[in-house]
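For clarity, chains are labelled A, B, C, D and E in written order, and residue numbers in each chain start from 1.
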Amino acid sequence: MVNPRAERRAWVLGTTGPALLFLAVVAYLPIAYAVALSFFKKTAFNPAMQWVGANNYRFILEEPELWNAFGRSVLFTVGSVALQLALGLVAALLLNRAFRGRTVVRSLFVLPYLLPSIVVALVFQWLLSPEYGVVNQVLMQTGLVARPINFFGGLGTAMWSVIGMAGWQYGSFATLLILARLQAINPKLYEAAAVSGAGPLRAFWDVTLPALRTTLLVIALLRGIWMFNKFDSIWLVTHGGPLKHTETLPLYAYRLAFEEFDFGLAAAVCSVMFVVLLVGAVLYFKLFDPTREIEVGR
Amino acid sequence: MRQIQAYATLALLFVVLVIVAFPFYWMVLSSVTPREALFQPPYKFVRLDFSLGNYRELLFATEFVRYFVNSLIAAVGAIVLNVVAATLAGYGLTRFAFAGKKPFAFGTLFSYMFPPMLMAIPLYILFSALRMRNTYTGLVLAHMAISLPLNIWLMWQYFQIVPQSLEEAAWVSGASRLRALRQVCLPSARPGILSVAIFSFALSWNDFTFAFILQTDRTMFTLPVGLASFVEQTGVHWGMVMAAAVLVSVPTFLLVFFLQRYLLSGLRATG
Amino acid sequence: MAFSVRLERLDKRFGRGARAVHAVRELSLEIGEREFFTFVGPSGCGKTTTLRMIAGLETPTAGRIWFGDTDVTALPPQRRDIAMVFQDVALFPYMTVRDNVAYPLRIAGLSRAQVDDKVERVAATLGLADKLGQKPGQLSGGQQQRVAIGRAIIKEPKVLLMDEPLSALDARLRVDMRTEILRLHREISATIVYVTHDQIEAMTMSTRVAVMDGGRALQVDAPRTLFRRPADQTVATFIGTPAMNVLPASLVTTPSGPAVELLGQRLAVGPRHHAAVQGLKQVEVGVRPQAVRLVAPASDRVRGRVFLREPLGLEDEVLVETESGTRVKVVTAAGEEFPEGAAVGLELAPRDLYLFHPDSKTTVCAGLD
Amino acid sequence: MAFSVRLERLDKRFGRGARAVHAVRELSLEIGEREFFTFVGPSGCGKTTTLRMIAGLETPTAGRIWFGDTDVTALPPQRRDIAMVFQDVALFPYMTVRDNVAYPLRIAGLSRAQVDDKVERVAATLGLADKLGQKPGQLSGGQQQRVAIGRAIIKEPKVLLMDEPLSALDARLRVDMRTEILRLHREISATIVYVTHDQIEAMTMSTRVAVMDGGRALQVDAPRTLFRRPADQTVATFIGTPAMNVLPASLVTTPSGPAVELLGQRLAVGPRHHAAVQGLKQVEVGVRPQAVRLVAPASDRVRGRVFLREPLGLEDEVLVETESGTRVKVVTAAGEEFPEGAAVGLELAPRDLYLFHPDSKTTVCAGLD
Amino acid sequence: RTARGQNKGKVVFVSEESNPKAIAVYDKINADFKKETGIEVVMEYPGFANIAKRVATLIAAGTPPEIVWYGAGQAMNLALENQLADVGDVLKATGGAADNQRLIYKGADRSIPTSQQFTYGWYRKDLFQAKGLDAPKSWEDYVKAAKALNNPPAMYGCIVPSAETGASTLLLETMFMKNNVHWFGWNATKKDYDVVLDQGEQKKRAIETLEYLNELHKYSPEASTYNWGELMSTYFTEKAASSWYVGSRLLDQTIANNPKIADATMPFELPRKLTDAYYLSVQGFHILEKSNVDGAKKYVTFFLKHPELISWYHAVPLHIIPASRQMLNSAKYQDNPVIQKRMDVLKFLDSIWTKGVPLYYWDGKELNPYIGLFHNENLAGWMLAARNIKGMKSEQVVDEAAAQVRKKMRRVG
């Protein structure tokens, strides 16, 4: 006869084991290695590692570049996540209504998230190009601007353009999750609000928003982490330029690693980012605790 | 009143629709614009002089098809492994109480906090040692790092809304745990599993960083890396690039179009 | 001041074409001021749809709705001065009990003090005073239902609509809440429109009841009338527990006038019904289980065998299978007489019999005497 | 062959520390072979937990479970030879009715032909023959419940467990299904363990009933005994509709022995109870609503006023408020006598009174005579 | 880990050139090489924007490739880290190289040059002629022409990419050469290079150059990426009357994308101020130390002697210019339809043959090991952007750039 405790243990191991193993190999191990790397001097052309203690950290923390990049990262993260949430919310609310061709429209709205960043980057470069961009063409034809706007190349416009592009692409992630949540709201609640005298705006405020709270929090958290670490979207359109105006922390780390070929320094920057996110996430959980609501508000 | 409101909503929908859809429209239109007209603004917003030249060139004169196939293989691999690992983990997390469950669940999220770009270097070293560079296996494994945490979380949420009593009904019918899992739990978790599949697909299909660093052999390039290489070699051949963008988008669109219902109900648990 | 509610040839269809559902058909009735009016009927008969049209949550396909002298057919729910209690409670899960109850007042724009004052009074009435700080999820089913009622009555609506407010509760609680709602009806001055599928609720609470089936009101009457003089067989079997037995019988003519031959007994039809039964050969007879007496089997009676005997406390429900195979349900005093399997005779009281037309199923006479 | 089920000091706690819930406490009882045994009690009293321990879905914190002579405490559900019907039906939504019903047989590895044969027989028994090809989502609530029962009985389990199988159904359907389940019990040879919060179900269906409260079995007896000789006040008020009135009273000593003074009436305590009431000054008296008669008000009776009168059909439920403010529920024949507001006198029958100990609330005597 | 580098049966070859025709040649030669020696050649084509990163990653992972084919300037970074093997023997065996093409470090040859690219301009002869203009010969000419042809947004006079990209960097570096501006000066006492950019005459000329490019920038479109591709596409889509490039890939792309202006597309020397020098890019084979050096040398020798070599030069005709001037003028090399058609370009190349200077030899005869400090991170591009986009004062730009380089020198030690 099988010992039920042993069987249970086997099940726990058997179900969570594979995931744990995968993550250990492809995530935890590399992270540990990279964090360790930050205490060494290691350049690309000299594979030997040399212990330097906290020197890498001392160096980067003294560099104004790190702090500038940090500021840009915060701007990019906050800006693009806010845009994603706003776009996602508006889109989801619209898509939650019944209309003809809804399935097609919905698919279209979800599509950007499923496209490779390179495709999105190319399409936006094409759309926003100062020479061939149709957007500039329209802006000029309607007389809104006199000279084409150099969206990705202008000092004042590049960051906002990147934020806009990221909002367009990843807003659809928010759309998807919010839409799913909207469909789970008990429609009776709207009727209850209506017979209590509430108009549509009021019902949105009192029924929809509270129901979306957890979802919005989760989206903000996940997307916040992802955007803070976002590399390819920015790099592909601006390479951090013009004049580093879009150089966020991951691009800075990338530059240290692959243009200055100092992996130790890059690892230190990444470790700093890791710590920032970790602390940020812990604070976030303390403040909002989205998981508690996940379990209760199901 | 109701009328005005309805029109306002419709107008808003239209505006948002334009914002979301216009890039796609322009992408498609540019891809079929004859080469001579492509760089000659002002552009017409509707045109009838279609040309498939870009597609012809893309399909027959470049390695696009190979990249596409590579991406597809990687995505399928990522889907399979993710579905298996995330489904099992989600099941385990919801059906058993065990020490270290919360740390496990949140620990998965930690791996999102480290910039993937620098995770790729250790992975590169590891995979070099294991001779897994330039293999599908290696790429798929790397893609697990980006998609598995999200998927575990999704399945963890989803299994919470699959009633336990279904499984129990199977047990008292005599079914073993494994059988109940297979015949009862999994079919009920189908929307969740499909969502996991779609996210795995998306993240794998999307990945530039890992593929760029791990896949050094041109014949093993995925679409994003391959497309990036188009751009730098010859200057951007916009028509062909837009054609590539269209071809990348179409299967994705169809996927969402047909699986939307499941996707939405699969994500329902995430609030 | 409450006001009356008048439905005028109200009609509601869902969907179009082949898959259309005709949920409510040409419903006309008037609900008086301060009445406790109940729609009762089996699942799917259109009760909820009717109530939702009164609330303004559903637009009628045809017909009009009047509140007093005002045609409200086109008014949205916000402007109808109604309140509603939903079958699935529909409390706002993220708000406290206090906020839930206060909600309609907040929307009306009352001051904080006014709102608090009213909420406390309503909470006291409903026994929720110590729950105000909790979230709905922390309350039991009965408490949740009371919060929902609190939210409905706090703005003193002219019309209070309730859709099966008790059906999610357990048996004991349901009985208690029934009394509470009745008490409320006395205290507030609203017209109450109530929906249930439980005829006991309908019978015990209402001033008048509409029995619905297939989107139509079969009969609209006071509970007692429904029980004593059901309009047709559907109403008759629907009202009363256990359900009335319906048995086929033939009408014979005897020297003293027409008589019903039922289970081997011949029962004379009283003179006041002679006209009604004229020309009928076959009828269906309704016999309430309480109207049959179990007696010792005798050769001049139809005999049967006790098939099932279920104790109810002071009474037992007995299912008797006659020699011809017909099953008759009988309610009798609790006891050891006639246990399961015992032979038994049946005796019917003419006063408690109903004759139904074999085709139209309308009531031909209520009480044979 | 069915077998008996024995629970031996069964105990179940959920959670640990301050938030622990003691769901079942030291429960010992034996359920005989082929019994129809019911656990009844208010929500949260531990019924479901007990049933789930019998099924093997929950592991007892302490105590043992025996099926016949086998200790099954550690056996997983798969190996217990039981079947279970769940409160929320728990049909496999993507399987047809046929596949749902056949599921246990498929697992047992029966041949296709055998399975089909059995499924058709069970479907015929349950009136599901024409539904076999449909999915559960296409069926009504009652039909779904029957499919769930079909799935449970098809493998002819030794023990059939049912957790509130009827509570999701509407009133009328519930009554019909009751009879169907009883018929089934006759036809299959299984021990049935049934859980409900509805005492009417418990009373009408069971051979024996355990009334539970707070994780304990207060009384385990045949329905009739529960009604006639409730072990304590909780059981007494739980069993019977409407619930028994409980009124405070004092015991006085008269020349002819002890007597109860209740509502101004003095009722002698029968000699067989003299020993039991010895030394008591205060008691609580249980009066079933059916045991009170309404009479014309007279000066030697406690007088009251009809506060509420709810028609039930042949009978009415009347709530009388006495001059001292006590409310007494009375069931009386339907009629226009004593309408709401009328003055009325109350008359009690000693035979139908129960005395409870004022502190322990245990029954001191059932019937005063 | 060490064992892996010495797999004698295998050679990993990372090549910058990934044109399909070139790849075909590689495949053919590799197959022959395998047949002859049994050594397998594994190709990697990371593309020119990524090749440095690729090589860095490979070395960091402890798996250095055997051969890298790319610019000698890039390779110098490897040489400075002692990662490049001495290839003097191979060089000798395959015909040697001109002095300005050699990369000598620690007294040994580290590069086997195969080909080179010159930096020069391209212009639309038809448009210029329509305005009565000829190819610009002086800075003033160039501004005048750019101004005359400028008609935004339909047409711009020239292209001055102003961002921290390679294209921007190369433009400023070339224009610095034209104005004889040096980043470094040889300090004979220290026997080392010093930063001189912000000093005396250098500074004056540097500022002058920046100001000149700022003037020119007024007739240039705002690019969105400022990268190499845009230099070509802006030109061949007829958005600019002139452009420039490192090599003649621009012509190749114009022929492919807009053949009707191809014939009017003419090369011109970027105009001189004080010198005729321009940025010379020399590419060649580089063999990494700690790898299968023998196999690699065998392969390179085999490659350079292979009859298909000529097809490799023809992969992008006129763009991959042979390192040897004889070969340029050989009938065999000129036997190609594109070259035949555009012999004028070949003549042009021949005419500027000796004027190009690799960056690491610009400041003196000694190899300047510090050029990576400003070149690798596109510091010249930053200067251009700071002046043209951000509008900083030229003087400040020069000062900051020099300070940057000094700071880095200190860090490197």
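To be clear about the criterion, a contact is a pair of C-beta atoms (placed from the backbone, for glycine too) under 8 Å apart; a residue touches a chain by one contact, two chains touch by 3 or more.
Note that the structure is a prediction, hence the values are computed from the model and not measured.
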Partner chains shared by chain B and chain E (touch criterion as defined above): A
Highest-count interface - the chain pair sharing the most C-beta contacts: A-B
Farthest chain (mean CA position) relative to chain D: E
Chain A-chain B separation of Cα centroids, rounded to whole Å: 15
Gap in Å, rounded to a whole number, between the CA centres of chain D and chain C: 25
Distance between the centres, which are taken as Cα means, of chain E and chain D, whole angstrom: 92
For chain B paired with chain C, centre-to-centre distance based on mean C-alpha positions, whole Å: 55
Residues of chain C engaged with two or more neighbouring chains: 76
Contacts with two or more other chains, residues of chain E listed in rising order: 57, 60-62, 237, 239
Multi-partner residues of chain B (each touching 2 or more other chains): 38-39, 121, 125, 231, 236, 238
Touching residues (chain side chain D, partner chain B) in the complex: 55-57, 76-78, 80, 82-84, 86-88, 90-94, 103-104, 107-108, 151, 155, 161
In the complex, chain B residues that touch chain D: 163, 165-166, 168-176, 179, 183-184, 187-188
Touching residues on chain E, where the partner in the complex is chain A: 52-53, 55-57, 59-62, 77-78, 80-81, 83, 152-153, 163-165, 221-226, 234, 237, 239, 376-377, 382, 385-386, 389-390
Residues of chain B touching chain A in the complex: 5, 9, 12-13, 16-17, 19-21, 23-24, 26-27, 30, 38-39, 41-43, 81, 84-86, 88-89, 91-93, 95-96, 98, 104, 107-123, 125-126, 141-142, 144-145, 148-150, 152, 157, 160-161, 177, 198, 201-202, 205-209, 223-224, 227-228, 231, 236, 238, 241-242, 244-245, 248-249, 252-253, 255-257, 260, 263-271
Interface residues, chain B side, partner chain E - complex: 35, 38-40, 121, 124-125, 128, 212-213, 216-218, 229, 231-238
